[in-house]
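Have a look at this one before I ask anything.
Order of writing sets the chain letters: A, B, C and D. Residues in each chain are counted from 1.
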Amino acid sequence: MTPLMRMLREMVRIRTVETALAELYRDKQEMRTPTHFSVGQEATAVGVCSALRPDDRVYSGHRSHAPYLAKGGDLHAMVAELHGKRTGCAGGRGGSMHLIDPKVGFMAASILGETIAVGTGTAWASVMRGSDEVTAVFFGDGAAEEGVFHESLNFAALHNLPVLLVCENNGYSITSPLTARQPRGTTVWERARGYGVSSALVDGNDVEAVHDAAVEAVRLCRRGRGPYLLELTTRRLLEHVGPHPDRDAEHGAETDVRTRSCPVVRASNALRSADLGCESPDRVVDRWRQEAEQEVRLAVEAARAAPFPSTSTLLDGVHHS
Amino acid sequence: MRELTYAQAISEATVQCMAADPSVFVAGQNVDDEKGTHGTTREAFEAFGPSRVIDVPNAENAFAGIALGTAAAGMRPLVVHTRADFMLLAMDSVINLASKWRYVYGDPAGVPLVMRGVVGRGWGQGATHSQSLQSVFGHFPGLRVATPATPADAKGLIISALQGRDPVVLLENRGLYSLKGEVPEEAVPVPFGRGRVARRGDDVTIVAASLMAHEAERAADLLADVGVSAEVLDPRSVRPLDGGLIMSSVARTGHLVVADTSWAPFGFSAEVAAIVAENVPGALRSPVVRVTPPDCPAPVSFPLEEAFHPDAERIARACLTALRLDASEFRTPRPITAGFSGPF
Amino acid sequence: MRELTYAQAISEATVQCMAADPSVFVAGQNVDDEKGTHGTTREAFEAFGPSRVIDVPNAENAFAGIALGTAAAGMRPLVVHTRADFMLLAMDSVINLASKWRYVYGDPAGVPLVMRGVVGRGWGQGATHSQSLQSVFGHFPGLRVATPATPADAKGLIISALQGRDPVVLLENRGLYSLKGEVPEEAVPVPFGRGRVARRGDDVTIVAASLMAHEAERAADLLADVGVSAEVLDPRSVRPLDGGLIMSSVARTGHLVVADTSWAPFGFSAEVAAIVAENVPGALRSPVVRVTPPDCPAPVSFPLEEAFHPDAERIARACLTALRLDASEFRTPRPITAGFSGPF
Amino acid sequence: MTPLMRMLREMVRIRTVETALAELYRDKQEMRTPTHFSVGQEATAVGVCSALRPDDRVYSGHRSHAPYLAKGGDLHAMVAELHGKRTGCAGGRGGSMHLIDPKVGFMAASILGETIAVGTGTAWASVMRGSDEVTAVFFGDGAAEEGVFHESLNFAALHNLPVLLVCENNGYSITSPLTARQPRGTTVWERARGYGVSSALVDGNDVEAVHDAAVEAVRLCRRGRGPYLLELTTRRLLEHVGPHPDRDAEHGAETDVRTRSCPVVRASNALRSADLGCESPDRVVDRWRQEAEQEVRLAVEAARAAPFPSTSTLLDGVHHS
């Protein structure tokens, strides 16, 4: 498989998983945890994570499913977590905004900007320990307004830390457009330059472009020439939190633009049948979708069947004993 | 009197204060959108537009300082936090500057910075979206900290805040927004520091703020079934706290249960117990019982979440414990799912 | 046993932990300079150099998160704040993330982030450079909060912190740095949650942390002169808090005075009073007395500052009040100026 | 008097006042409040404040005396404040780090960066109220590392607020040099550009250059084209807090450089006797110094004679009654 094929397959998988979960979230109401889907934004997670090694670390904010899965996080553990089950990746205690998978070096937090600092810290630890691991941190355009972004960028640049800051700019913070929050004519990637940080603006719905930019950024970080900031423009197709189509998009008559810019559609179009042997792209994508449907179906069944944590464990694990 | 929901009462208070005083403005993340912070800022936006109901960037710390600056220059900001937890980012401006301003600078004008913080509840809000910070803010002199439980108090306390000259933190439990109650049409302030007797009773005193006042009233219903008459006191503000009301009730009942959504250690329940121990310890005929979340962060998983949040049943059982009565044949009440139901 | 100052004890603990565990490092503003945070970080810098004793930019919030990140990746950061007040900028990282990490993520490794905060004292430190935040940090499950009063405990509690796997806040009153006491040479941890009987006595129990433990001991001396035998309990850590020690002492003496450098409302003194009211209220033969700063920010002006800070005399008088003894012929002790004398 | 003469006189006044206070602070120990002198940094305060109107506002951080005096703050009230007296500008409760003079629109706070936000807020209030007042905020290079700087700059730029951010870059945060805190090759003024904020780097020991830059910046702010950031390089000649000569300077053998760059010396040299009629610059400066010595002597005498606040007022004024 070509890199593009691998990435498309992963995007199709994430899209399929999230779409299935979004429907169940809406209809069954068994996942009682505020959930921020990445539908429409898959290329950022997939393009960046495909440029990382398994021992590299990834952090994200509240919109965490796509980076979690792209980094190789356990699907069953994620779905169980959304269902609040004992088998969840955080034992059902963290929910959608606190996914974690230590085996693949992934973790997400709910407060805007927090993990920008945490990821800067793990990158610092890599340097202290003499390892060449890189840390990538996903955060939104909104999180970039928090002071912790500035403080972390300053620190990362001061110590040349191997941290790749990935700003997923979807143009909104909940319902608030960028124009209501950041000065016109300015960008996050240019702001990074003020700290001497290398940066680039990339179409975040073009998974190959994201991947290529990330490969270069990771290379620099791994050689001690970090940090690096990637600003990736993208669009979310569902509402900020929850399963419904994004109303701002509808009202703004942006639906078309969004669909046309959909990273899955675009990557599918880019696939030449040549790459696929005798199969047509549509059929291949379809097969991947079916595989992912099966995968998420099993994960949901397992999650449903799994036990809730016993209330007798309510107080367990607050402290190291 | 006509009834309003808690959210409508907040909205009405805001609109009335803005109409009466052109220096009042509302600011916060997404306050101008259709949902309008659970319907509390929408009417104001419609009435006064984007120049007085202002969406702001995600920058809690600076924004507290910015709002403070407008207050220092004669404005009256009403800052809305969609979760009180986010105010932990603004602690420096609130504690190190706002709460101390009037005293430290000897500035009689003070800085009337009013902050609303929504306390999340239910639907797996989890550890960082459901914290009740009354005990933290309550610790610091210079602040007023209110926890309205009823629509009328929500309205009246906001009015007090927006007419006063002190920095104020208002904590609103999301479980309350759809709650209905009688609310006066006029803009009548409810003073800080004066508690409310939510229910008269003789056998045991329950002190409970915000959402817990309602759980305490439900507990009083349950207790009435087994012949126990519970008095429910809602402090309305925790700084200043109406110690007098609590003391005189306990002096009469001899038993004290404190129910709160914030943790017990160094919490609201500690302060209420301390006030009694300090002033009328002889009145206590049984140990004080604190009904609070267990000493852990709030979990998301549904059964854990249900076990985490204190409710009427736990309060009622605590009262029976205080009264050394048998709780074995006590009927378990139907759980109410507080306010919100999903999906998000 | 040889004697060290409180500052030397901290320094020794730091150096020993760093020697024993290469993952320990020290970071904070100006920790690498000649003064070395009141002499507590200088030896470590000399022994281990700038790669392990690291000066950092002024960015308290991010730095708490950065240090947390290093802890999540196997390091053991010891973060130094030259004033505890500055930690109010780091509340989000400390409360919303560090304290909850182990529980919320079900991560048994946890994040051993250790933070020292200096509590300013004297020479007009004022409202924003002298706050004791034990009551705020103590409210949140997941943290360990220690307030060492003696050189030995300063050493032992830092060792516990740097050997444990929990986030820890250590609050050090600047008035203590020059205080001398016996300190074991070896790296012996002092466990969290076990209080210390600083002075045995039978007539009244004084609970007092950090600097106040010493004021309480001086108060006990004054009381001895008038024939009163006071027991002084130093909790050493406020989370967990050694309630058992307090209860058994009060059960014996029947009288409780709590002295603290943090405000009364929702404070350490409230929690201690609540523990007694909740468990052994019958033991109290007089009202609990809280000796705390008055309910205002700390002023700078010398006479106001002196009146603001609770001291031995106020504690002793509070004990006499509790015992209903006459305080009229009580001698006024010579004021000690705590630790530091200027100019800055 | 020419503008330069007026500014030099004000700098001489501030230098004289602070030098006298520093000695008394050291010798008498009657001012019990941690005190950060601006000796060596007078040109920043004087150059900027001379470009402001009386109704404009000025905020500063802990190093507050020079901006307070330059804005026209009451000297007697300041000296009394340092002595903790009832007649102090904050009633003796605030001390050196919390100077205030509402009559001239001045206020200072002790926590790094706090007033950057507050000043942004007062500038916003000016816009809301339709006034053309400008707010200037003084802060150090160290304070510019705090997240509140970034958050405030973003907000000020978003709303084009009339706030002039004055970064007094003296190269140190207590004993920590800039190189230990900010990425090499970066500057505060360039960072401001990332927010679309106009900015300039000016020699902060050249009072005329500071003044000219401030006039232009204030003009833009007043016309609704703010915010503006001025980075002013300067040197402090005394230690961070307290009255002793700066040891870092001594050790670094920078003393010479510092003395040569002293803004008072430089402005004196720039004065042509032509400007002064028949007097020589030295004589004129000497006369101003003597006037200031007399002024501060009287202020100190008055402060010493003034009563301490009564302890019965300890609880007064926490709340609006």
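Simple rule for what comes next: a contact is a pair of C-beta atoms (placed from the backbone, for glycine too) under 8 Å apart; a residue touches a chain by one contact, two chains touch by 3 or more.
No experiment lies behind these values; they were computed from the predicted model shown.
Both chain A and chain C are touched by which chains?
Chains that touch both chain A and chain C, as defined above, are B, D.
Can you compute the centre-to-centre distance for chain A and chain D, using the mean CA position of each chain? Integer Å is fine.
Comparing mean C-alpha positions, chain D is 46 Å from chain A.
Taking each chain's centre as the mean position of its Cα atoms, how many Å separate chain A from chain B?
From the centre of chain A to the centre of chain B is 36 Å.
Please tell me the distance, in whole Å, between the geometric centres of chain B and chain D computed from their C-alpha atoms.
42
When the centre of a chain is set as the mean of its C-alpha atoms, what distance in Å lies between chain B and chain C?
30
Residues of chain C touching 2+ other chains?
In chain C, residues 56-57, 59, 61-62, 85, 89, 92, 96, 103-104, 126-128, 141-142, 295-297, 299 touch at least two other chains, as defined above.
Counting only residues that touch at least two other chains, what does the list for chain D look like?
As it turns out, chain D has residues touching two or more other chains at 91, 93-94, 98, 109-111, 145-148, 151, 154, 158, 180-182, 318.
Among line, ring, star, complete and other, which one matches the pattern of chain touches?
Graph shape here is complete: every pair of chains touches.
If you look only at chain A, which of its residues touch chain C in the complex?
Where chain A meets chain C, its residues are 57, 89-91, 93-94, 98, 100, 102, 107, 109-111, 114-126, 128-129, 147-148, 151-152, 154-155, 158, 317-320.
Spell out the part of chain B that touches chain A in their complex, as residue ranges.
Touch list, chain B to chain A: 29-30, 33-35, 55-62, 85-86, 89, 122-129, 294-297, 299-305, 307-308, 341-344.
In the complex, go through chain A and note every residue touching chain D.
It is residues 145-151, 154, 157-158, 180-186, 190-197 of chain A that touch chain D.
In the complex of these two chains, what residues of chain C are touching chain B?
Going through chain C, the ones touching chain B are 61, 85, 88-89, 91-92, 95-96, 99-100, 103-104, 126-128, 135-136, 138-142, 238-239, 241, 256, 262-271, 273-274, 276-281, 284, 286-290, 295-297, 299.
Quick check on the complex: what are the chain D residues that touch chain C?
25-26, 29, 31-35, 84-85, 88, 91-95, 97-98, 109-113, 142-143, 145-147, 173-176, 180-182, 241-243, 308-309, 311, 313-315, 318
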